[in-house]
Structure formats: C-alpha cells, structure tokens
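Comments concern the structure below.
As written, the chains take the letters A, B, C, D, E, F, G and H, and residue 1 is the first residue of each chain.
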Amino acid sequence: LRSGLPEVIYAAGKSTQQVLEIFRALAVSGVDVLATRVAAEAAAAILAEHPSAQHHELALTVSLRRSETARRGHIAVVCAGTSDLPVAEEAAVTAETFGAEVTRLYDVGVAGVHRLLAVREQLDAADVVIVCAGMEGALPSVVGGLVGVPVIAVPTSVGYGASFGGVTALLGMLNSCSPNVTVVNIDNGFGAAYTATMIARAGER
Amino acid sequence: LRSGLPEVIYAAGKSTQQVLEIFRALAVSGVDVLATRVAAEAAAAILAEHPSAQHHELALTVSLRRSETARRGHIAVVCAGTSDLPVAEEAAVTAETFGAEVTRLYDVGVAGVHRLLAVREQLDAADVVIVCAGMEGALPSVVGGLVGVPVIAVPTSVGYGASFGGVTALLGMLNSCSPNVTVVNIDNGFGAAYTATMIARAGER
Amino acid sequence: LRSGLPEVIYAAGKSTQQVLEIFRALAVSGVDVLATRVAAEAAAAILAEHPSAQHHELALTVSLRRSETARRGHIAVVCAGTSDLPVAEEAAVTAETFGAEVTRLYDVGVAGVHRLLAVREQLDAADVVIVCAGMEGALPSVVGGLVGVPVIAVPTSVGYGASFGGVTALLGMLNSCSPNVTVVNIDNGFGAAYTATMIARAGER
Amino acid sequence: LRSGLPEVIYAAGKSTQQVLEIFRALAVSGVDVLATRVAAEAAAAILAEHPSAQHHELALTVSLRRSETARRGHIAVVCAGTSDLPVAEEAAVTAETFGAEVTRLYDVGVAGVHRLLAVREQLDAADVVIVCAGMEGALPSVVGGLVGVPVIAVPTSVGYGASFGGVTALLGMLNSCSPNVTVVNIDNGFGAAYTATMIARAGER
Amino acid sequence: LRSGLPEVIYAAGKSTQQVLEIFRALAVSGVDVLATRVAAEAAAAILAEHPSAQHHELALTVSLRRSETARRGHIAVVCAGTSDLPVAEEAAVTAETFGAEVTRLYDVGVAGVHRLLAVREQLDAADVVIVCAGMEGALPSVVGGLVGVPVIAVPTSVGYGASFGGVTALLGMLNSCSPNVTVVNIDNGFGAAYTATMIARAGER
Amino acid sequence: LRSGLPEVIYAAGKSTQQVLEIFRALAVSGVDVLATRVAAEAAAAILAEHPSAQHHELALTVSLRRSETARRGHIAVVCAGTSDLPVAEEAAVTAETFGAEVTRLYDVGVAGVHRLLAVREQLDAADVVIVCAGMEGALPSVVGGLVGVPVIAVPTSVGYGASFGGVTALLGMLNSCSPNVTVVNIDNGFGAAYTATMIARAGER
Amino acid sequence: LRSGLPEVIYAAGKSTQQVLEIFRALAVSGVDVLATRVAAEAAAAILAEHPSAQHHELALTVSLRRSETARRGHIAVVCAGTSDLPVAEEAAVTAETFGAEVTRLYDVGVAGVHRLLAVREQLDAADVVIVCAGMEGALPSVVGGLVGVPVIAVPTSVGYGASFGGVTALLGMLNSCSPNVTVVNIDNGFGAAYTATMIARAGER
Amino acid sequence: LRSGLPEVIYAAGKSTQQVLEIFRALAVSGVDVLATRVAAEAAAAILAEHPSAQHHELALTVSLRRSETARRGHIAVVCAGTSDLPVAEEAAVTAETFGAEVTRLYDVGVAGVHRLLAVREQLDAADVVIVCAGMEGALPSVVGGLVGVPVIAVPTSVGYGASFGGVTALLGMLNSCSPNVTVVNIDNGFGAAYTATMIARAGER
C-alpha cells in the first residue's frame, strides 16, 4: 500500500558514520530518502557522497528525491514566528518530500488575529492544516474554528518557565475546543506531515 | 463548507431542562442533531418529545437524523474490550451520525496480536481507523504498523493505579513509533470521529 | 486606604451556622458584606435574617450593600459559555459589590473569533478585562491582543481528561503571548474582580 | 491606543545577527526600542551601532529611548536579595523604559519581616507593586497584606531541589491569601512591568 | 526509652469494631491511649465503654490518660484560622496527651503580619513551634524568622485549584528560607506533635 | 546463598581512581567482578591493570570472570533497535557475567509485529524474557502475550518531548495488560538481568 | 503452554449480571475460575449459582477450583498490617488458586526491623517473595537485602497527603537499592501473584 | 537569642568576587563564618585571604571559627555510602561549626540492616539523628524505628531514572511510618544540621 513513499531516517542520537551508512544503503536501493534531525556534520557528509541530495538547514533535514512526480494534495503549515520555524520547516519539508503541495504561513499568532484573518483564503485552499505553536499553544483552536478540514497540531518546545518544554502547548492542544484538531508529540513536525500527506492525498483521489 | 453537518450538544454538566431546550431549538430549525454525554433522565426527556430520535445507551448519545443519505467513507473503530466500549461507541455513533460507514472491531488487544491479524482485511478496507485504548495505550501503535491510512488514537480513562485516569495511555499514544498516529483528549470519542469523518469523506471524493 | 470596601466571607467549608454568625457580626457593624461560595441552605438562612441581602444563585454569592454609591471604573467580564458562568458571575457580582460598572460578554470563544471581533467596542470601553476560560485557556491571549488595558485571566475547572481540573487552562494563561495578561488561581473569580476593581478605580481617579 | 510605547524584542534564542537586524529596523522607524534577554555579545553589537542605547548588564536588556518624557505612575519593585536581582532588574528597566517612576526595594524577605515594615512608606507611595521571589514565593502575600494597590507577583527560578525551577514559587503565589495578588510566568519580569505600567499610568490620569 | 508514652491508634480506614477492639486491648494493659482520625460513631462507641476518655470533636481524637503528670516542655501551635483548625487541634491534643504544655495561637496569617508580631512574646516562650498552614504555606517562614527554636511545619489540605490538596503548601515549606524549619506530611498534625514533644522534653531536661 | 556470584560496582559518579581501587580490592579477593556505567577512561585504566577483564563499549561494562562454568538458564533480551542497545547490552552482559545463556533479539518492534512473530521460537526457548523499550514502551505487553514465562520490562530513556526521559515507557509497562510483566527502573538493565538470572537458574534446577 | 491454569475475571466496573455470565460460561467449560475485585453483591450471586466456589471477603475474590492438585512452589506474601491486607490477600489467594503454597507474613514493617528478622527462616524457605507496602514503600528493599530469591513489590494505595494514592510507594520500589526487586502496578496483587507462581513453579521443576 | 552563632553564606550562584567580599565583611566583624556550596576557586580565594579558615572539599564548605568552645549536644549523621557523602558532610561540618559533637555513620543501608544494627549503640548516644538518603529514601524510617530521638531526614539527589533528582526520596521520607521523622529540602544538609544543633543544644541544657 505504502510503496513509492520515501524511506525515513531519524538521525538524532546516531553518529555521522551510522547516519551515512543507513543513508547509503537506502539510496543504493533506489528509493527516495528523507533524513530528519541531521546535525551539520552528518549533513555535510551525506551531501559529499550524494551531491543531488538537498539539505534544509533550518529543518535539519536531508532529502534525496529521484523523480519529481506531480504533487498531490495541498497542505498549509502555520506558525507564529521565528522560534517555531525549525519544527514548521521539518513539517513542510517532510510534506514536500512525500509529494504534497505546501503553503507556508509563518507570521500568524493568537495575539494578532487580524493577520490570521488576512490569510484565510490560503487556509481555505488546504486539504489539511498543520499548526505549530509553543507557549500557550492556542493557535490550532483559532485556526480550527476558521477551516473545514482536519487540523494537525504540533506543540513546540518554545518558551520558558511554565511552558515546561512544550508540555503546556501540548495540553492546550489536546483540550482544543475545535473538534477538528488532533495532536502529535512535542516538536514532531515529521509525524504531523506524514499523517497530513496521507489525508491530503486522499482528498486528491 | 460545513453546512449539512449535524449540530452537536455536549450535555455533560447541563441540566435535563437545559439539554431539552437546546435540543428542541435545534430540532425545530430542521438540522440533524447529536447530543453526547447524555444522562439517562435527559435522554428519556428528549425521546418523549422527539420519538424519532435514537438513544444509544452505551454511547450516552441521542441523535436525530432527518434523511438517510448515502454513507460516505469507511471508518473502522477498534478497541480491546468491555471497559473501552462507551468511548468506542461514542466514536462509532458520532461517525454514523455524520454520515460515515462504520466497522466495529471490539475484541482486539496487544496481548493477543493474533486476534488483530485475524481482522486485517477489515482494517485494510477503512479510510481511517479510530483506536480506543486505556491502560498502556499500546494498541494504536500496533494497528498503525498494519494499515496505510491515518490512525486517530483515543486514550480512555480505563485502568487503575498508575494509569492515572487515562494519562498513561495518552502519553503512550503521543510517543507512538507509528508515524500515522495522531491523538485526541482522554475519552474524546466524539472529537476522533469528527475528524475521522472529515478524512474519510475526502477519501470518497 | 481600603476603608469603605465590603467585608468578604469565604463560605466554602463552613457550616450554615458559622456563615450565618460571621455574616450577622459584619452586618451589625454597618459595613457592606459579600459572601462567596455560599451553598443554597446557607444563602436561604442569610436571606431569612437579612431580607435586603441579594442572593446570586449562579455566582453562589450573597451580598449586602447599604448605600448605592456611584459606580467607579468599567470592567468587562468575558467567557465562552454555559460552563464558565459560575466563575464569571462570581467575578461580575464581586466587581459590582465593590462598586464597579460591569459589562458581561458571555458568548465569545477562540474557535469563533468573529463573535469576539463583534464585541470589540465593548471591550475597548473597559478599564480592565477579566477573562474566564477552561479547557485550553486560550481566550485571554486573543482578548489581550485586542485591548490596550490589563487582562486578568481566570482559569476555570471546566473540561475533562487532560484539562486536569483547570491546570491546562492555568498553564496556558501563564504562557500567554500577550504581555498584558496576569493570572489568578483556578476558579478564583473573586480574586480577579478584587484586583480589577483596584485597577478600574485608579483609571477613574 | 498603544502608540508611543516602545517596541520590544525578545532576544532569547535569536542570533546576534538576527537581534541586530530587528533592532536596526525598529530604530530606523523612530520608535523607542527595548530588547530583553540580550546576551553580552549581542548587546555589544547593538551598542557599537547605536551608541545612545543603554545596556543594563544585570537586567540583560538594551534600551533606546529618544525623548525623555515626564514619568507617569509609581511602581515599586521588591525582592529578597542577590539571586532574584536579574528578574527584578528586567522588571525595573522595562517599567522605566515604558515611562514609569520606579522604586527598588531589594533587601526585604519573609524571614525578616522587620526589614519589610521599615520600607512601608515607600510601598505605600506606589500605584502598583511588583514582587519577585524564588524558593517558597511567600513575599507577595506579605506585601499584599500591607498595601492597598495591585501586587504583581513574579516567581523566579531561584532555589534548588523541590523549588523545581520556580514552580514552587509560582504555585505559592497563585494560592496567595492576599486577594490583590495576580501572577505572571516564572522569571517574566518583562510581562509584570508591562502590565504594571498600564495600571500605574491609569492611576496618574 | 519511650516507655511511659501513650500508645497511638490511627483510626482512619478502620471499622468502629476494629477501633474499639484495639482501644480496649490497650486500655486494659494500663497505658495511656490516643486515637486519631476517629469518626463520630467510633468515638461514641469508645466513650460508651471508657467514660473517662476524652473526645475532641474538632481534632477527631479520643484520648485516655490515667495520671495527670506534670507537663514538660512548651509547644506553641500556630495557624491562620478556621479551615486549618482540625490539623492544628490534632497537633495540640497529641502534644497535650504526650505531656507537653500547649499554647494555641490560631488567628495569625501572612497577609496580616501585625497579628503575628502581637503574639511574639508567646512565641518566644515556646521550646518548639508547630505551624499549620494551607494555600501558599508561607507562615512557617515568617514564624521561623521570628523565633530561635525549631519550627515544625505542617502543610494542610486547605485551599482549592492550584493548592493541589496541600502540595503547594508542602513545597513552599520545604523551600523555606528560614533554616530552622522542618516539614511533615500534609495534614500530619500528629507526627509534628510527636516530634515536637521529643524536642520540648529535651529542652526541659 | 548468593556465594559464587560476581561482586558489582556501580561506577556512575565515581572517579576513575575510585573505580580502579574498588575493582582492584574485589579482584584481589578472587571473586568475579562486574562494573557497570563505566566511562571510557575508567575502563581503559581497569584493562591496563587487569588485562584479562572484558570491556563492552556499548554496555559500558567491564567484567572479570575467573572460571568459565557451564551456563545455567536461558534469557532472551529483546529490544526494537539502535537507541535501546546500551540498556539491552547492559542487561545481556550482566546476565552472561552472572552465568546465564543469552539470546539477543534486537530488531523487533510493536509497529511491525511480523518481525516479532518471526522470532517466536527463540522467545519460547527462554526461561525468562527481558524487554527493553523507550517511547510508548508497548513491546513488553506484546511479548508478554506471546510467551508463558516471566517478562521483565526495562523502560529506556529513549525518545523526546512527551517521552519524559523514559517515564512514559515506565508508566506504560506498569499498566501492561499482560499479567506476566514486572518492571524495573528506567535504564536499569542491570537490575532486570540480576533478577532474570535468579529466575532462569531456578528453571534449570 | 499455559493450559491447566485458571481463567481469570477482572470484575471491577462490570455489573453483577456481566460477572455472573462470564463466570458461568467459564465454569461450564470445566476450567478453574478466579474472579478478582468482586463486589459483595456479585460474590453472593456467584455463590448462589456455584455453591462450591470460595469467596474471600478481604481479597474481594471468588475462586472455583475443580481438583486439588499438589501445590508447586513456595511463595511468601509480606506486608506491614491492616491497611495493606486487601492487596496482600488478593496476591495470596491468586497464588493459591494458581497452585502455589503460600506463607502469609502480615505484621512486619520497616519501623520495626526486629519483627522482620524474627521471620527470616520463613522468608528463606520461599522461592519468591511478594511484598505489599503503602506510604514510603520501603519494605521490599529491606526484604530484598535479606533473601536470595526474586522479590516482587506491590505498591498499595494506602496513606494520605503526599502518598498520592500509592505513587510514592511505587517510586520508592522502582528505586530499590536491592537489585532483586521488580515492581507491578499500584494495588496489583493479582499481577504479582501471577508472575510469582510462574517463578515458583520453575523453582520446583 | 541566636547571638554567638556563625553567620552563613550560601555561595551557590555567587561569583568568587561576591563570595569573597561577603566573607571578608563578616570575618572583619569578628563572628564565626560558614560558607556552603563553595566552588573550588572561591574556596582557594578565601583561604588565601583567611589562612585560618578550613576548607572541606567534599562538603563544599569553608568555615572560620575563632574560639574552640566546648561542644554541646551529640548529633549522629547517617548515610548509605559514597554518593550521599557530599550532603552528609555538609550536614556534619555545619553541625560542628555550630558547636555540636558529630558521629559519622556512613556505611549503613536498608538493603543490609545488620550493618545498621551493628551501630545501634552509637545511634542511641545521639540527641538527634540526621539521615541522608537518595533513591528510595527508606533509611530514615528504619533508623526512626530504632531510636527514641528526633530524626531529620535529608533526601539526596542521588539516583537515576524514576529517582527524579531526589523527589522519590523526598516523598518516601514525608510518608515515613516512623513518627519521629521530619524532612528538609533535597540536598539540604545545612538546614538539617541547623535545626539539629538547636535540638541537641536543648538536650544539653
């Protein structure tokens, strides 16, 4: 069922040597490859060996795509600003690597709802929306109330004090008063995008 | 966008009188109505007034559907047994009220994977799978590894001691090693089904 | 400095007899009296003895005001609906008993920002805004972004599962991205109103 | 409404280059600028480019004020000693940058109430009091009982063991028996001062 | 070493019959007996059988003392009011049953330090001070700063919301900035008094 | 009873010098020695002095066995992959040093139950199974349902976000629906193996 | 593999009717049956229908054994007193129903080690020891240091305040300094006994 | 009352320069001085200036005593081994600096009660016992059951996984079944000793 999808490497806690070897083995087999949480050194090593691979520094990903097939499904990735970008980009790059069309909406926050209303048209065009937010994690609820499609909420570990490394955002999202919101682990941009591409693809069938 | 969907009443913490009045107001307007977390007394009062409404005792729901339109999208609802049934049924009845075809798979657990493998065909037919589980909450991971569609995990407050009213199941599901798993609040069968019908309907387009 | 303010009785955990005796002692001394968290039986006993006292059933308060002085300062009390009403009313009645003008805005939520924008004028007229919210507790952030005055956030114990009796709302409010938000204890409508009247009165000086 | 107030940069987690660029863009537009949580290197870079900016080393702030307008409102900032100073100074400098008169009372603690009683006159002169405290976070309650104005409590991450990085102080403050106490996030001197200047300014109107 | 001390029965969770039997067995052996957490019914049963026993309703204790020996050591028991009385009385009655002289100071709180300063002489006369407090649990720190003897802090389960059944008070006491404060379990008036009598008796040697 | 067993050194938090001295003292006495959590430097120092000792780099152990006695009892050590290996190897090496026969099954996970079913024969041959798992910690439940012997579950600190350094895995294991599962502390491969060898040896009697 | 073992019903949260039906179905099939957490009413109903079944009131169990086979393996069940008895008895009755010889040692506690030393011989005779303890949960460590066999620790929900319904005992047991201690869920006497019989039987082979 | 006691500096989080200046100021005034949590560099700086001061490396203290007065009161300091030594030594050195006679019993643990019984005579000679323990924190309960004097329990941050930096030990101690146990903050050897000297001195009066 899932043939044709990229193989994924979670590089966190693996040595450069380990990441390189797994990447090589997958690349040789001809499939598309996506590595997430790749440190700078490991990324450099992969690119030296696979010049056609793409390194996204902010997303901490390296991806190797063999054929540019037509994109299927539209995903909007939403966040409030600078600090949430690494997680939002992990989601966006993953979704693109898995073949979806991605719209980035990176400057909308709950303390300024007018910016959110200003991008409503772009939100409405999406088959599914990924919302990344730290601190109080309130953005998915507001977005969820505006759109008629599933919202996948990604709590980020952004904040200090009683943000508890993303736990406050996570709890807020689980208690969302918008019923179209489901939630993934803190900072898990990859998982959100993986599920979002499944949903968006169905919407394109 | 969402026109045509049932209106929903969350009856928990409302008096019989309050529930009855809200139900009446919605029914009069001609839309389909779904009330969740309805106590026995309130359910009886609604049915006395709206004889065509349906009361699901286990799901604690009362639903009023005006026209039986063709069902769109297939949803499998999975759980391990007796104790999780109220949550699973809240999900199943909600999904049916919102127009989806529902397959109930209510006797599969992680401590007996063969029963799970025995229903694989039914799982494969679904556009999206809802998995309700208490205690260690491990079932969504195993189901997620078997299917190629989104899995919505619903932690239930079933268990004792260190199950902490569903928190252990919730945490387990958020840490699922299957990337197609997203999570809703403890016992939130309604929210899981709401999102699932959105996904399943897209799959039918 | 605080002379002229009502004396307050916190009736929770006190017997009808105890509440009655404290109320009587204060009333005799001629001051205004406010009792909060008053059970129905204790309220009836007070009213039997002090017919001019006022019982607010939803707010669980009984108040005895001797002279209707001109109201000083405007306070808006905001919440999303039925379940938060007891806390919102405890705040509103306290503020009125302490001499403030109160505007109740009780049907605005984060999942429907248009209702919030619709009451913007009333929000702008306030010297201080009290926002009561349960579940994800996101409303104070959105309100805080709309107004130029202090917002006092009151988490309510409304919700289930991972709302943890108001803790999720409390944490969300403490992490508000709106810098004009400060927070009080869960369900503490009284404390929010006490501080709000201090602020609003200053604004009227 | 809020025109005339400084623009604020939260520098934590931003690179020197990023902070410098945001600072420059705001400075060019002619507004007052306040940057908080500024590392030594970023502060040096800003001062090299904006010689009239002021760096407060303890507060970790850099501020650029264009015109010295008359100060409006009196704020007392209170803490118990050396360890709480960075948070207290973030509050004090923020309040000054936003145009308030600030009195620093930095050597008063709950284990020596006589020092607190000795500064009572200075406390009484304030329109609002900010109290920063770590460990058991008891100081706001004692101060709250002494003054007739709002107290904004800032828990600090000072302490060890069961102080849990400020959580114990935060919880203590939320449970304050003084009803004029509201609370902000751990170490959030900025937020406390932002709200305090709003309150103090109203008191001066 | 501990001969001559009363035997103690912890009656919580025991049936009237069980408590009565244990009490009888100890009484027969001639020792002094103290039963704590005794429900009304069990207390009545004991008194019917042992008319010379004393029932303290507020403290939930029943004690049987055979000989009134001279009291040794002075213990002050301090709390802020009505709600903490059951715990304070459990401590006071226990200390008296174990032979200490007890001074009750039951109307002093951190939000009104002057009442505390007013009883300073009585505090100074004690060999050890027991302080019971709920909510923010700040009282032991203030008392600890006033006296030159050990302070035993008893957190009480008084409060609501973020008081977490006494946990906030407990944490505050453990982080006391007064170094002469040690702490016992929530509501453990008995344990505080047991240790206090040991300390006070030594002071009398 | 336990004579003949190796003496164990827990090297974490000890200096190289301290570890070396304890190791030497035990080695001199003639017993077998096992040191766990040994840093690279300390391991090198031990091997320089005791050339016949064995260093397992992944397990962070150094062991010194004097006589190769026949192995008693079969233990299977199971985990899902790379990240859990250090804990699994601490368990495996400990079990071998204590004289058991160990089968390593290091590539089985809950998201791919077929790999687990593929090793069923090897699981069935064991007297006891040790299962190490991080994240959702679901593997022991699935294994427990497949085997008829005790399963000792070791939560590992592998994961991020809501895995809370192994707490989520720990809680999941404690709530296992397989009744033959008992649990040890996070990352405690040593303790699991210690108990497992006791059980396996009994099975061989 | 596990043929011959009793079938088990977990009756908590099931109606009398449900428990009775499941019990009947199993009894008819000829196997031994054990029902745990059986309320008084359900127990009476079962006994009315199955006069040869045995009801243990303290353990809350009903068991039906068909043939008295020779007992295999010795298990000691240890606890400190009255409050832990229901859990200890659930363990003891389960172990007996599964065919083990059980020694009850119900009056040993950490605050009186001499009573523990007095039963050392009985402890030494066991193939495995189950230790049930609430409050600080220290007993398994002390027992673990005395015996050379596996100790299964069962935290009980006995205690108040900071015992947190058994969590403190659970954590203490997981951190036991005796390496032969493994742990089950709070109050899970059944699970401890299930694993213990597996271990004890092996010891008898 | 407390005249004659050493002045104390808590050096954690202070710069070498700051510590040195405070130390100098106190030394000049002629009192005895104790500095705790002193880093190596700061200790060296103090000793260079005050050659008669004493540096205890393990305790991380520097103390300056002017006159060796006769010691009053006996304190036993008990712990289980290497890892708890820094906390135990902070307690022991503090007690000695405050004028008490200290007996160190540093090799007794709950998993080997015989070592504890072997030092019973030394325990019996103490006026008060300080017990430092990490992991399950069970030692104070066992010691408390053996002695007839107050036991002050100090949880240490020793352990890993579910020891949570000393929280498990802290909770265990608060739930001690020995009623003569009171507790201080995690790693707070200083506070334990401060209170212990007060108690011991009283015993000597």
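Criterion: a residue touches a chain if its C-beta (ideal position, glycine included) is under 8 Å from a C-beta of that chain, and two chains touch if they have at least 3 such contacts.
Being a predicted model, the structure only gives us computed values, none of them experimental.
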Minimum number of chain-to-chain contact steps, subunit B to subunit D: 2
Interchain centroid distance [CA atoms averaged], subunit G/subunit H, Å: 41
Centroid distance [mean C-alpha coordinates] between subunit F and subunit D, Å: 51
Distance between the centres, which are taken as Cα means, of subunit C and subunit B, whole angstrom: 36
Touching two or more other chains - residues of subunit F: 161-163, 167, 170, 174-175, 185
Listing of all chain pairs that touch each other, if any do: A-B, A-C, A-D, A-F, B-C, B-F, B-G, C-D, C-E, D-E, D-H, E-G, E-H, F-G, F-H, G-H
Partner subunit D, residues of subunit C touching it in the complex: 1-2, 8, 124, 127, 147-150, 152, 170, 174-175, 179-185, 190-192, 194-195, 198-199, 202-203, 205
Contacting residues of subunit B [partner subunit G, same complex]: 82-83, 158, 160-163
Of subunit B, residues touching subunit C in the complex: 12-14, 18, 155, 157, 165-167, 170, 185-188
Subunit D residues within the subunit E interface of the complex: 80, 109-113, 116-117, 135-138, 141-142, 144-146, 159, 161-164, 167-169, 171-178
